[in-house]
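Can you keep this structure in mind? I'll have questions shortly.
Chains here go by letter, A, B and C, matching the order in which they are written, and residues are numbered from 1 within each.
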């Protein structure tokens, strides 16, 4: 379903990814692990930019949320669907929200426990609430697969579990970047370890344990 | 943001609407060169507007302008159809509008004069010729486009001294209008100035001039000056003979209150050729090509 | 902040450049006429200030109308400018658009007004465009800068799957909006000043009555009008409300409307005849054209350029010195609350009075020379920079309370603030030059004098060439100023003209 063959990325003269070959099958749940700067985000970005070439449609949860601070939670989540509606519908919805998308967004926010923030501007939310807004936007977008860059970094233990659960239920194929090894082991069936832009681990979860992964962070 | 969107649309519509709301009833609009204090001009020409609308049986409106050039442009652009011009501005305006005509002038305008005036500190006295000692002093004209405040004084300065004003004087200024020239020389901002004799006499009569501070030192020979000019196409808009009706109305103006506002003793007929001397003088000193 | 703390006194590049400019200004002063030429200057000055004691509006036909006209032209001009500027800012990555905008910006509103007076005459569109066009070019530049510096991430994350318009309205505009609003409302204040000044060439705004009252020596009226103007500017936050703006914008066109009609013939004639150099129009040989042009260049353009440059350099350095002297007046490091209040009032009055009006007042009082122009430019621009520096200095904390006064100024504050100070000053260089050129209309022999004369002589061909020369001179100074700012690593944010 998703393929990379000897992909390399250089950024400002530095190699961010070198010689990555990756085949992802439909239905797989992947976790990218590694220290910060190891190339996880770059790999996710590369996959996101390649979606058109693959003729696939990806939902994205960027690490930095990429929300529009002066729009309400509703409009930010609705942005996941912009491409599916006509321009006029979108513009009118900006002025006066339509009933249908409001219900849709409310349902998603309900699951994420922030329904009460529906019409609050994003800049008034806490970090965790903003992150859940970005998650809701990806859920609204839907698509063939999900790319999630540290999707639960600002959430507490219970919320993290809940969100991972929701995402894995909705999306058949998911690629997470995670620094929480326990979550990776619990929700994913395949683990990719990155170090200095190189692929150092690529194996199914049941062949790994915690200490194998911790080594990646120790070097 | 929502508000702005709606506003933008309404705003565009209202601009379009407002720009198209000129009345169907054709108003004759006239203007005049701003040769003296605006408040006096407004007083004078609003009276004239009333007089003309009664005599012509047509709405008439006076529009003030801020400069001689603006008066000429308004005449040229048909935003005014009738104008009270000076000699030079009239020649310029009529050369830009085909078939336009000088139709009336004041009795005094056939023999107009410019007075050279001086601040008391110069010690200059009235004389037959411009005194040699004016060189190196500060001098102010009126408006750049004025006949009595620019064209004629510059002509006589050049004729006598064979130098341009900026070569002859230390500073050369343009006060803007005749009232201002008198004020500036009176306060000593400039030592010398050139002024329309009618404005001088009028302000002297009204007690606005302190003769201990400022006095006349030389009078130019006479020349033709102010006139009423009208566009050639007024007959086609207001009907045949309208131009003659305006001319008649001006010449038969007898009310001393109206005439004193100019001040002129009466208006008489004029034609374009009366102003050939002005055209030639302007060509000589390079103000007209 | 680190960067600004670089040593400013000896050996630093900023220090050397500063002295170079002071030296140039010193040389300029020898070639400039800076005397007071009035013989009894105190009489007129006394009359002027006695007018302040009993301001009167009795003689003015309708001050209310003047105020309404001033507001209407300002609102409509700024509205037109911001709308047009917004669309231009979206195309600002095209070099062509950037060049056009730079040229339009470099021509002062008053010159635009003189041009449009020839095309549209007394029709209100003259004022609307004279204000709106240069404002549009400025808005385009500043909006483009805002767009460039803003957060692209939300936009980038959805643009692949979304139409351009939807993506822009959802992911860009909401976050750009507050910045647009801040800058636009700030420009509205500038617009009020410009609108008032346009009265000097014939728009029915405050300047119209102000110049008449001045020329007639009616100082009571002058003061009444000036006070009205200050109240208008000072109260701007009370009467400009987002909810009221639509209402204002709907009414304004009807306030400025008059009976004039635009004729297409006049517009065509202006472009096909009036501005064509007369030797070409008359079919004269090339020699005649060359003679015409060289005559124009050596007798009008060149002296105009020289005087414009002399006056600009003098005013620039004087502005800098004035700002360095004035900013402590409003800084909490030097004065207490009450004292600062007085300082604020002085600076507000100086920066809300347009240079043109200040120069006009001083010329009347002191007679013809460059001095009134230098003082006017210095007071107005100095007050603006002092205001910005004063605000900036509030961010500096006085760590050791035992340094005070002069020592505090030279050891602590000046080294910290000198970078931003130079940035503000060089930013205003081009603005000062634009104003210098325009002051020629008042009789000082800068380029504006020759432009005004050409228009008075109904020689628009000459006027247009001189306006072009003025524009290029301005663009040149803008480029030089940007080069110096980047060499000295000075950064500024967008500011008013």
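Following the convention adopted for this analysis, contacts are C-beta pairs under 8 Å (C-beta built on N, C-alpha and C of every residue); 3 or more make two chains touch, one makes a residue touch a chain.
The shown structure was predicted, so the numbers you read here are calculated from the model rather than taken from an experiment.
A.B. asks: Go through B-C and A-C and name the pair with more C-beta contacts between its chains.
C.D. replies: Looking at B-C and A-C side by side, B-C shows more C-beta contacts.
A.B. asks: Please identify the chain lying most centrally, where each chain is represented by the average of its Cα atoms.
C.D. replies: The most central chain here turns out to be C.
A.B. asks: I'd like to verify one number: the distance from the centre of subunit A to the centre of subunit B, where each centre is the average of its C-alpha atoms, in whole angstrom.
C.D. replies: Taking the mean C-alpha position of each chain, the two centres sit 78 Å apart.
A.B. asks: Express in whole angstrom the distance between the two chain centres, defined as the mean CA positions of subunit B and subunit C.
C.D. replies: 32
A.B. asks: Need the CA-centroid distance for the pair subunit A / subunit C, whole Å please.
C.D. replies: Taking the mean C-alpha position of each chain, the two centres sit 50 Å apart.
A.B. asks: Find every residue in subunit C that makes contact with two or more other chains and list them.
C.D. replies: Those would be 174, 177.
A.B. asks: Multi-chain contacts only, two chains or more: what residues does subunit B have there?
C.D. replies: none
A.B. asks: Write out the stretch or stretches of subunit C touching subunit B in their complex.
C.D. replies: Against subunit B, subunit C makes touches at 33, 37-41, 43-44, 59, 61, 76, 79, 83, 117-118, 121-125, 173-174, 177, 200-202, 208, 211-212, 215-217, 242-243, 245-246, 249-250, 253-254, 256-257, 259-263, 266, 278, 364, 366-369, 443, 452-453, 455-458.
A.B. asks: Using the touch rule from the top, collect the residues of subunit C that touch subunit A in their complex.
C.D. replies: Residue list for subunit C touching subunit A: 151, 153-154, 156-158, 160-163, 165-167, 169-171, 174-175, 177-178.
A.B. asks: List the residues on subunit B that touch subunit C in their complex, please.
C.D. replies: For this pair, the touching residues of subunit B are 1, 3, 6-8, 10-11, 14-15, 17-19, 21-23, 27, 29, 37-39, 42, 61, 63, 65-70, 72-74, 76-79, 92, 96, 119, 121, 138, 143-145, 171, 173-174, 176-177, 179-180, 183, 187-191, 287-289.
A.B. asks: In their complex, what parts of subunit A are in touch with subunit C?
C.D. replies: Checking each residue of subunit A against subunit C gives 48, 51-52, 57, 60, 62, 64, 66-71, 75, 78-80, 82-83, 85, 87, 90-91, 94, 141.
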